[in-house]
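Labels A, B, C, D, E and F are assigned to the chains in the order they are written; within every chain, residues are numbered from 1.
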Amino acid sequence: MHDSADEDQRPSDSRLVPRFADIATFMRLPLVRDPKEIDIAIVGAPCDLGAGNRAGARHGPRAIREMSSLVRRVHPVSHVAPYDLCRVADLGDSPVNQNDLMDSLDRMERFFAEVHAGGAVPLTAGGGHLITLPIMRAIADRSEPLGMVHFDAHSDTNDVYQGNVRYNNGTPFRRAVEEELLDPKRTIQIGIRGTLYSADELEYPTGVGMRVITIEEFHELGVEAVIAEALRIVGGGPCYVSFDIDAIDPCYAPATGTPEIGGLTSFESQQLIRGLDGLNIVGADLVEVAPPYDCANITSHLAASLMFELLCVLAPAVARR
Amino acid sequence: MHDSADEDQRPSDSRLVPRFADIATFMRLPLVRDPKEIDIAIVGAPCDLGAGNRAGARHGPRAIREMSSLVRRVHPVSHVAPYDLCRVADLGDSPVNQNDLMDSLDRMERFFAEVHAGGAVPLTAGGGHLITLPIMRAIADRSEPLGMVHFDAHSDTNDVYQGNVRYNNGTPFRRAVEEELLDPKRTIQIGIRGTLYSADELEYPTGVGMRVITIEEFHELGVEAVIAEALRIVGGGPCYVSFDIDAIDPCYAPATGTPEIGGLTSFESQQLIRGLDGLNIVGADLVEVAPPYDCANITSHLAASLMFELLCVLAPAVARR
Amino acid sequence: MHDSADEDQRPSDSRLVPRFADIATFMRLPLVRDPKEIDIAIVGAPCDLGAGNRAGARHGPRAIREMSSLVRRVHPVSHVAPYDLCRVADLGDSPVNQNDLMDSLDRMERFFAEVHAGGAVPLTAGGGHLITLPIMRAIADRSEPLGMVHFDAHSDTNDVYQGNVRYNNGTPFRRAVEEELLDPKRTIQIGIRGTLYSADELEYPTGVGMRVITIEEFHELGVEAVIAEALRIVGGGPCYVSFDIDAIDPCYAPATGTPEIGGLTSFESQQLIRGLDGLNIVGADLVEVAPPYDCANITSHLAASLMFELLCVLAPAVARR
Amino acid sequence: MHDSADEDQRPSDSRLVPRFADIATFMRLPLVRDPKEIDIAIVGAPCDLGAGNRAGARHGPRAIREMSSLVRRVHPVSHVAPYDLCRVADLGDSPVNQNDLMDSLDRMERFFAEVHAGGAVPLTAGGGHLITLPIMRAIADRSEPLGMVHFDAHSDTNDVYQGNVRYNNGTPFRRAVEEELLDPKRTIQIGIRGTLYSADELEYPTGVGMRVITIEEFHELGVEAVIAEALRIVGGGPCYVSFDIDAIDPCYAPATGTPEIGGLTSFESQQLIRGLDGLNIVGADLVEVAPPYDCANITSHLAASLMFELLCVLAPAVARR
Amino acid sequence: MHDSADEDQRPSDSRLVPRFADIATFMRLPLVRDPKEIDIAIVGAPCDLGAGNRAGARHGPRAIREMSSLVRRVHPVSHVAPYDLCRVADLGDSPVNQNDLMDSLDRMERFFAEVHAGGAVPLTAGGGHLITLPIMRAIADRSEPLGMVHFDAHSDTNDVYQGNVRYNNGTPFRRAVEEELLDPKRTIQIGIRGTLYSADELEYPTGVGMRVITIEEFHELGVEAVIAEALRIVGGGPCYVSFDIDAIDPCYAPATGTPEIGGLTSFESQQLIRGLDGLNIVGADLVEVAPPYDCANITSHLAASLMFELLCVLAPAVARR
Amino acid sequence: MHDSADEDQRPSDSRLVPRFADIATFMRLPLVRDPKEIDIAIVGAPCDLGAGNRAGARHGPRAIREMSSLVRRVHPVSHVAPYDLCRVADLGDSPVNQNDLMDSLDRMERFFAEVHAGGAVPLTAGGGHLITLPIMRAIADRSEPLGMVHFDAHSDTNDVYQGNVRYNNGTPFRRAVEEELLDPKRTIQIGIRGTLYSADELEYPTGVGMRVITIEEFHELGVEAVIAEALRIVGGGPCYVSFDIDAIDPCYAPATGTPEIGGLTSFESQQLIRGLDGLNIVGADLVEVAPPYDCANITSHLAASLMFELLCVLAPAVARR
């Protein structure tokens, strides 16, 4: 593993440069366009064409960048200092086609393939949940499909909408299993809840072997047991962490397309992510922040804060390689 | 009991018709004007003239209808499918007089009497809490007064305001006891909190035999014990469930007339309602949603979600008859 | 022409039923699903997949319905009483596919063809501006293409986006000309303004013969001369009126996808529409209201008010046939 | 006439005490409870129970007080310095009954009768438009009914709502004529517009002799001619000025119960009020500001600014006596 | 100790005077300008010039006053009736200089020295956290420095910003220790969390002997153990309670300058304050409410509610003297 | 003068890269840190410490950057294509000290001196109006003081606040005259209005020779005469254009610190700026956008649009040199 970043690649210190000043990049990091120069690329994927209800997640990356100026450099509990471990930068946004979902999937796949080829690990701000599919296509090694820790209110393993729509924010993980990008037996879903289209709706994920922890089971087991279960399920192979902001209760995260009441708290979410330290994480994302529905930017601020939590388990994993 | 509804009386499937499409009815149900054709009537009672502070609950029914498009057909935990058990429809709104509280009470009583006479059980969206009084007048059998599970920050058993105002959102349950619509000994109030006009303010409800569970006692007992207490108090007789959205903390439900900090969470609210399964429920309401004070519609969405929770304990009760 | 509507098909009188009460239909009209029963169908077309920037117009029809409850029955200046002239109803929304723009165009075309075949003239609330294309496909007689009065900040006659996207809210009227639905020489565009991609951007519409009245020319000519020019250009043949809410200044209409400063006032807009009385209007729409960006619903209220203005020039035209 | 106010009765100077500091009184004036100590009483009348649609004007007085901190001491055009001419103070709010409209009318009448008996002229912030009725009852001399300059989108001379509701924000001036408080022949209404319940709706005001200037006629005549007409109609007798904020376009004044598009601009409103200088004004009000529907407080700020405009024509009239 | 307040010095009873009526003072108390007439002075300190990020807390006192109208007279759990124990009033705001932080510190110190000299104990609404420094300068007895219970997300014991800025909302408690106003060994900080500038950032507070309870330790210990620890640390000497609203999670308190996710709930906050009963409290404040960032006033309402909680432990302490 | 910019220095084409994508820079321009590489530097000056009332303009530059993505490349009326005339880039923000106004003035002066020395002309987004003072200090040639076209509701030529505050958003142009940076006889102020502290408040600007065009005179003269007057007053010498967003009516620009009703429209503002073509402009700014008070970002969008208008008169002036 290479040396850590030099000072120029660290975020501005908000004791010296006010948080509200200058261009808004993720975490106030430098903007770098060449993935070869960095270890972890924080990027945006502003595509929400797969929305089943409210759009707006296309504006997620910018809003998260804006609020990420409040995040400082060091984790308060683990004391991980990600910018000491890796070269991290804002790599800008993936190309998308604002009027064509399928073309957007292609553009995103090509973009993330370049990031991957350049040696950078992506930490992505969505966009709708369908963005995870082209990322997985770009970074998964089909000989060893990815494990996944998936935080969400919804399983996102439906099959079709409108009779023949196979690519929608409700379908990415069925597609990922079908395409052998994702190993369902090394996949755990946490926070699942919300009314159902039909009583058998969760048969697919459990049928293919995913471990589904509903919010009710989460409360029964408690944070520590759920973390232990996640570590057990995912194991030591390469894994991805996908965090749909709607895993969290709408009072913390109103700005999302398909909110469900009765969700995680922000503190529970922090604890759960912190518990993933040690996993062999090869990519992560935070999706479904739809800023037009936000209140005083609390959702974007939460998302930025959780992306830093993700960075603080991702950076050690990248540094270990 | 009759057969279940046919497919035409079920809500639109949001996998086929987008949630944002078409007229907003409760739960995307058909609009039916004749209570004889249905078993459970979801209705609005848009009267907030009894407000002591902020008005706006007159707009509650429409806002809840709008957000109820996000609710699907089957309960995620109990797997109750209410539309398989009963004929459920949106019956529109009760008449009200926008400038005359007493006349509104009369109009609502007549409307709910027709619903009741038609054989439909009302699940009502308020409006202010005073709407429960005319509903009880319409459906209670004075020979066997109703029991009640009452979720609220306030006991709503005050006597008079302004010297001689006896009908106000703070008084319905004292009136209901006086009118022998409500059996105080079969009544439980959950979530009571907030500063008091005077130290003896809760003497009335406890004096007449209501079981008052303050938020502090709720936290001491825990959800399961509170449910057990509710089932014990209410017993097997006919009962009503009245849910004032201000039972829940303002962070989840900002859009209400008299918020009180330190309230229930959305998840606790769901658990409590789920625990009422088995009661002989003859009507239910959700009141005090005041949309002008909402943030990104989270209160209306919460209200719509809890109305579905209520429906999923009400429908089995109706089907059992 | 048949007789006028009976009382049951008129909007609720808000002196008797409060504006906030009951289901929100357009203008508080009855909901009728069969176009054969009506003369003018007010419908929604909740598709915004052609947006170049901010989405949200999918929620336009519902928001306009909500605010249209403030509109009464008679025009204050012309004293046109549209419900005395024609049978008018809310026909619900056109089907759309929330994830597939091209399929949505097909679904809308089929829906409006049925409306047209049923003998009803559509007055449509968008959705993005691309919805006008399938409406024109459904109602235009290719042997006599439509004239059009087009209110907009943008000409919407661009060719392609993203290299190969030909169907986008910026392209409908180039497509309509190419498909011989729209007669460019009988087309007038009013309110055009805003920065340009390139200096020759308006060469297409003027090249094919459209009369483009920029906001600067509008101010030079004045309202009356612009009306005269519109009547002259469109002539006596069948014509369509398409009103993009962004023709109006963002202070009146913040809730739109691509606002441009320096637009029409609400009063100028009313005067311009009133001046169209006498044209042979065969359909009209009001598009690009994106409620997530609204302030206190002023844009939806403006849109509802202008739809009534459109109705009051459309109803006489329909009654004259 | 007494001497002008001493320095202690003037507003705080915002160059010395920041605008955001201290208790919010009207114009940062001292709070005085005895009308005998002042010449002009700025008061609130927080009653909106006469609303036909959206409530919220009950919160108008507080919101206007808050934003009135931005108003300084001297009029920029007339250079009238009202606090040099008269003793002006914030007299607090009239009592109201938050659940009983008729009782509120009585309480307001008694309160304003005391103000009047104490020798103070009221400049009142509503509340809904019905508040003008009890004010007129308190201050009108039935032997010489009041003239009125009435700015409004609506004539407010309807007769009944809901079959028998005679007191509603849509009826005050018919009642005032019937009670011989208001001389219709010395009454001018400016800014009237908006859709009608029926084509003959304006027959009452014109039939009893009121001069109704619709917004269309306003634009035809121009500001100066309308002012001249107002001065001519009202003449030299005692008159009242009532300004309903919905006279102004919703883009300037979104926070109102029954907005109508196509209204006055803020500048036109200022010019019109300034033109009333010289009238024998014996009271004035500004009504129908409903803060829950405001955007960034622009309506409250507009209202506070117009109250200062009213004060600057009222104070010279009071000083002249 | 003197007798309790007479009825005139108590808040208006909202059963008689609606909450929305009249001038907004803290808790609807009378406005008194002479500290000698009262025992507890509720005051505003509208200075936010020490903000590191978002300003706006200058508007805190007015917004808290507005929402404090919802608070009644008696504590629901302890049944403390503060207005029976002490003379309490709104004393207005401290002078500040809106453009000069250092001058504002001086003005506040002088103001609070007068309050202190007059015999009144201050309960202050901020303003930014730096306001606590001049209050401590005014009321601390340097021979017996104050203990403190400090609720906050941040330790606020940084040294300098921008190279030489020593007075900033992030530094007050280092300054207070240096100035021997605050006894660090009798100081406990509760709720500390959030990303760090550097891993050693908390070395100062722990180094000087403060007891720092991070949010993680709070969850481990539980409310009761934390209260016990607070009582143990602070002991029987004079102490101050400073509550930064950002101690609470942003879902409850979005309106603050430097939010941190994962905070206290409103209920936990109430319990913690209630547990401080018995301490020898000589002053308290609630700071960092920035109303421009609020949603439906929930933060101001929370702040007003917590100020009443503080009053209910402060009044008995004052009465005991 | 050098050649025009190459394609890489032009804004992204929003037909190819969606407006919502990637980092938000001014006009989607490249971010360049060296003023020597560019002709026109669009920069932010995020300082609002001189605010007399509401702060928040510190967030102006970022919000304007965000909304400037909607601006395209070519002016619709003049067809000026600024990026063909000059090398234009986003140069980031000037350093400021978030807690020290005087230090911020120094930092801004040094920053703009470097920009000036590098040969770039600054087009600046504020910040409060005091930012213009350090810009003028950096770019004015004291041997030939600047002329100025100043759009504002306020003259900003007050002397002191709080007894001794000489640097405040209300004082910059008195200071600039005193420092011989600004030639008052070549200065014109347009849009002046709003209540006054005292009747003689405008004696200073007129006394030193500034041409003050109040909003009333603006309406009397009309746009063209005002433009002619501006060109006459300023003449051919070097001049600065300073646009305070509060020159425009609050309905278009709610997000500002000291709004005044009765202001310019957005269209009038565009016309006025367009009329400045031909002046020898050496710098320009747009100030007082306070995003926390915005509604649906309309103020930021207006500001971004007007900055492009300014750029389209500035770029030809720069290209002419």
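Methods note: a contact is a pair of C-beta atoms (placed from the backbone, for glycine too) under 8 Å apart; a residue touches a chain by one contact, two chains touch by 3 or more.
The structure presented is a predicted model; accordingly, all values stated were derived computationally and were not measured.
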Contacts common to chain D and chain F (chain labels): C, E
Chain D against chain C, contact positions shared by both copies (same if over half, else different): different
Between chain A and its twin chain E, rotation from the CA superposition, multiple of 5 degrees: 120
More contacts between chains, A-B or B-C: A-B
Rounded Å distance, chain E centre to chain F centre (Cα mean): 40
Chain centre separation (chain A, chain D; CA means) in Å: 55
Two or more partner chains touched - positions in chain D: 18, 20, 52-54, 58-59, 98, 161-162, 249, 251, 293, 295
Complete list of chain pairs which touch one another: A-B, A-C, A-E, A-F, B-C, B-D, B-E, C-D, C-F, D-E, D-F, E-F
Of chain E, residues touching chain B in the complex: 13-16, 18-20, 69-77, 79, 81, 249, 251-252, 265-267, 270, 295-298, 301-302, 305-306, 308
Chain B-facing residues of chain D, complex: 48-56, 58-59, 97-101, 103, 161-162, 165, 167-168, 292-293
Footprint of chain F on chain C - complex, ascending: 52-54, 158, 160-163, 193-199, 201, 214-216, 219, 249-251, 254-255, 258-263, 293-295
Complex contact set, residues of chain F against chain A: 17-18, 20-25, 31, 44, 46, 58-59, 61-62, 65-66, 90, 92-93, 95-96, 98
